[in-house]
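Note that the chains take the letters A, B, C and D in the order they are written out, and that residue 1 is the start of every chain.
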Amino acid sequence: METSIWRALFYLVGIMAFAGLNAAYLGWCERKGAARIQRRIGPCEAGFAGLLQPLADGLKLMSKQLLVPQGVDGIIFRVAPVLAMVPAITSMVVIPFSGNIEARAMELSVLLLFALASLGMMAILLGGWASGNKYAIISSARAVSQNLAYEIPMLVTVITIVMISGSMNLREIALNQMGGFWHWNIFRLENGHFLTMWISFIIFFICSVAETNRAPFDMAEAESELVAGFMTEYGSMGFGLFMMGEYLNIVVGACLTTTLFLGGWDCPFGKTPGVWWFLLKIYMLIFTFIWIRWTYPRTQIYRLLNLSWKILIPFSLANLLITAALIKVF
Amino acid sequence: MDIREKTQIALALLFPAAPVTEVPVVAEGPPPPRDAGVVIQDFPRCGSHLDVLCRPDQVVAVAQIMDTEGFFLESIAGVDWLEKQQLEVLYDYNRLGGEHCRVMVRTLVPRTEPVVPTISAVFPAANWHERETFDFYGVHFQDHPNLIRILLPEDADFHPLLKDFMP
Amino acid sequence: MSGYWSDIFTGSKSLVTGLLITGREFFKPVVTEQYPYEVPTMTPLFRGHIELIGNEATGQPNCVVCGMCQRACPSTCISLDGKKAEGEGAKGKVLTSYVLDFTKCSLCGSCVESCNFNALRFSKEYNLASFDKNDFIMDLLKRLEDQNRCKQ
Amino acid sequence: MTVPISLRHDETFVLNLGPQHPATHGVLRVILTLDGEYVVKAEPVLGYVHRMHEKLAEGGTFAQFMPNTARMDYLHALAFNHGWALVVEKAAGIEVPERAEYIRVITVELNRIASHLLWWAAFLLDLGGFTPLLYAFDDREKIIDLLERVTGSRLTYCYMRFGGVYNDIDDEFIAGTRAFIKRLRSRMPRFYHDLVTHNIILIKRIKDIGFITPEQCRRYGATGPVARGSGISYDIRKNEPYSVYPEFDFEVPVFDECDSMARYMVRMHEMEQSLRIIEQALDKLPDGPVMGKAPKVLKPEAGYYYSAVETARGSLGYRLICDGGKNPYKLKLRSPTFSNLSLFGEVAEGMLLADALAFMGSLDLVIPEIDR
């Protein structure tokens, strides 16, 4: 892994471009997907089929004035949205897009990802607390308890995966699943793992939905109760950064799920692995995120915590034990 | 013995003197003034079965009887009889489910100092209705838990539904 | 504990059926009407703001300035006046101005109902948005003349 | 599941569920004293959209008040028209021809379904589900087009006259209504029940939330689906029959679980019952005139008149007092949501903020009707 400056520059620009494009055009996909589900057209005026809509939204957000409420800690108020974006982008450093396209393959890349995920939660807490608005304080309190509750089952399922593939390096985990979908961790036909792995996939998927405050778990920015949750006081780019941070968290969640369970950049028939398969899987997962958001109502905070503490954690622990036993047996 | 007779007898206890009369439908002018008592009305014509006129201090007693008979308070309305210089507070009780019977209870208070005891202790529904009647007519309900305006802005100093109210 | 398992089972089944329904909807054609390009057609009895009816031949309004509609209107939006009809043997009045203040009109139809000379009807006008309040003070006589002119 | 925790300790803060808030569907302000997320005290503040309809009624003649009735509860405006027409016909002794009565029932029931559809959509929106709104509005649009064909307006109707209705219904309306009945019946199980009613997230969200005991209903005067959700079988179309309702057979859906889920199910079944009523009314639609004879200027005899009508939200009462003149001497409008909301303060105590809003959604509030 020669560390020439060009390689670093190329990956810097590449990841920033990937993050920027994704953050903008996921908004467009969400609005188009929601429209199609609701049997309407969605954005279609700006550019062909609304393709310039993200540009229009971006310009609008940038032209608005960022108001800082009076008597509020200005620094934290301004830092919070940036803090929402930074962990999402930095965690793209360790994601193995394909065999040779990976910024930095680190030994403990899984650990780095989860550290950055909890940093994202910190941003929501700061954003809510710094804006001094009652709705924002309630929403940030909810967001913290929700993210905390859903990180534990996520970590336990990741331990199961690490146990199976033997290494914390995302690249190794992905390489371990090469050669056709029956090698993917979700199916894992050899040595009897197929019994429990689909359960851990479902648990992991639910946790990633909850981790990014999306769909049935969007207690943090519950429009109809807390107006806009922690984003209430944020004007132009503050709100813009929070939204982009949310979409990037979805992308990172999808990449993580693909790498851990769906065999990274491996082709389902084992022939031509490549970055296209990786992108296809990510966008399939992101579509399910959107699909879920526009189907279900929102859960209530107690049900949400009950779901995690009473159902997901016991299941993931049981799953861990069963997988450990299976590894011992086979 | 259906609910109408039962309520009518229960209410009649309040007015020992007044006999129960069947009021013929009178043509001109507002209904003739009469002393307190229970009057049976024909329902299809005017929508209520019993018309009770009582003194202001009997209002709580009537409400308690209605409560024991299982009625609910439908609404409280005020009426401003300007030429007789009287304000009238009109309570509507109705049956919630079961056999239908609507009782209209009316009290007359002088316009100068309109004071009526509150029945919000018996029917919490009256809390808001009485605040509204105070808001529009200025009828003061004694020991009402929080007699402030409900629909008009707090700083309004007029009572709009009085007949002599000029905006 | 039994509630625990049944909850999970029925719950996930209901979640999946919910997803299938919206999934099926995803591929169905669009239902909405694209307004600026597809213009809706109003039903015959649609109540836009009122307008004068001119008789086919001469194009003059049928109105005889009796003022019934002015009195019937609950919010006094109609103001009209006319002058004696001079000329040979023409009796009655001729309408000179008929102004409708549409800001106060609640489209109750009392005016059209009270007019016995078939001089008023509801127009099919539905896009009535404008920035200026005076656009709603409409001179219906001029509107009738425009309609006659564009009919020729 | 209101957790009985001791709420009276000191660090509560006051949250203004202000007049401008997405969940209040109009301009209702609730002053919530919160302890963390638990509601310690909730006090609705009204009057933000108060227009003093009662003084307007005293100002104009009887006919001139008809458009005002539609501006109070614009979701079920035809029932308000119907109530006003009934009370004045009772006062002035005007006869209504048979066909007009049937047309009135058909249009009122169609309007009731449209109101329930909009309540369902807004309730789901409060709970965070965005898509059901579009499916409900797809159906509601069919009703609005049908009613526009016969009444001329889409939301605030001024269709009823003393002694009948403004214009007759034509065959296209009847065919359209029958097609609509078939369409809603086919869509109801899938889009309304499978997608939402049986959805575990919704069930957990509104089951065992917002308990209103029948005694509370009686003491606060709550009527309509709120009372029928607490086991009280009180429907004015059955208990105090008016118009031609006795000629149709339909049940009154009553659930006695007293929680938000029960009120939800009452309204869903009520839509089915309204479809049955419309079907029977269309089958038995007599011919004949649509407008009885009514004097141009009404001078009803002096006296106290009251008429009650079952709207989508409860029992609407018109207390009319006439003194023989051509204007109503006094009109008191008994609006159902005014009483339904008055029990919010007592029931919402000890609830979570999210539950309190779900409970407010299940009360189906229309603020202009509360403020009049």
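In this text, a contact is a pair of C-beta atoms (placed from the backbone, for glycine too) under 8 Å apart; a residue touches a chain by one contact, two chains touch by 3 or more.
Since we're looking at a predicted model, the values are computed, not measured.
Colleague: Could you compare the number of C-beta pairs in contact for A-C with that for A-D and name the larger?
Modeller: Answer to which pair has more contacts is A-D.
Colleague: Using mean CA coordinates as chain centres, what's the subunit A-subunit D distance in Å?
Modeller: For subunit A versus subunit D, the centre distance works out to 44 Å.
Colleague: How many angstrom lie between the centres of subunit A and subunit C, each centre taken as the mean Cα position?
Modeller: Roughly 51 Å separates the two chain centres.
Colleague: Between subunit B and subunit D, what's the gap in Å when you average each chain's C-alpha atoms?
Modeller: 26
Colleague: What are the residues of subunit D that contact at least two other chains?
Modeller: 131, 135, 138, 195-196, 199, 201
Colleague: Can you list the subunit C residues in contact with two or more other chains?
Modeller: Within subunit C, residues 15, 18, 21-22, 25, 31 contact more than one other chain.
Colleague: By the document's touch definition, which label belongs to this structure's chain graph: line, ring, star, complete, or other?
Modeller: Other.
Colleague: Please give the residue numbers of subunit D that touch subunit B in the complex, ascending.
Modeller: 46-47, 50, 52, 54-55, 58, 87, 90, 217-221, 223, 227, 232-234, 239-240, 301-308, 315, 317, 319, 321, 323-324, 329-330, 332, 334, 338-339, 342-343, 346, 371-372
Colleague: Please name which positions on subunit A make contact with subunit C in the complex.
Modeller: Within the complex, subunit A contacts subunit C at residues 33, 36-41, 291-292, 294-296, 310-311.
Colleague: Which residues, counting only subunit C, touch subunit D once they are in their complex?
Modeller: Within the complex, subunit C contacts subunit D at residues 7, 10-12, 14-15, 17-18, 21-22, 25, 31, 43-47, 74, 106-110, 113, 122.
Colleague: Which subunit C residues qualify as touching subunit A in the complex?
Modeller: Contact set of subunit C toward subunit A: 4, 8, 15, 18-19, 21-23, 25-26, 28-32, 34.
Colleague: Enumerate the contact residues on subunit D facing subunit C in the complex.
Modeller: Residues 60, 63-68, 71, 131, 135, 138, 145, 148-153, 156, 158, 161, 166-167, 190-191, 194-196, 198-201.
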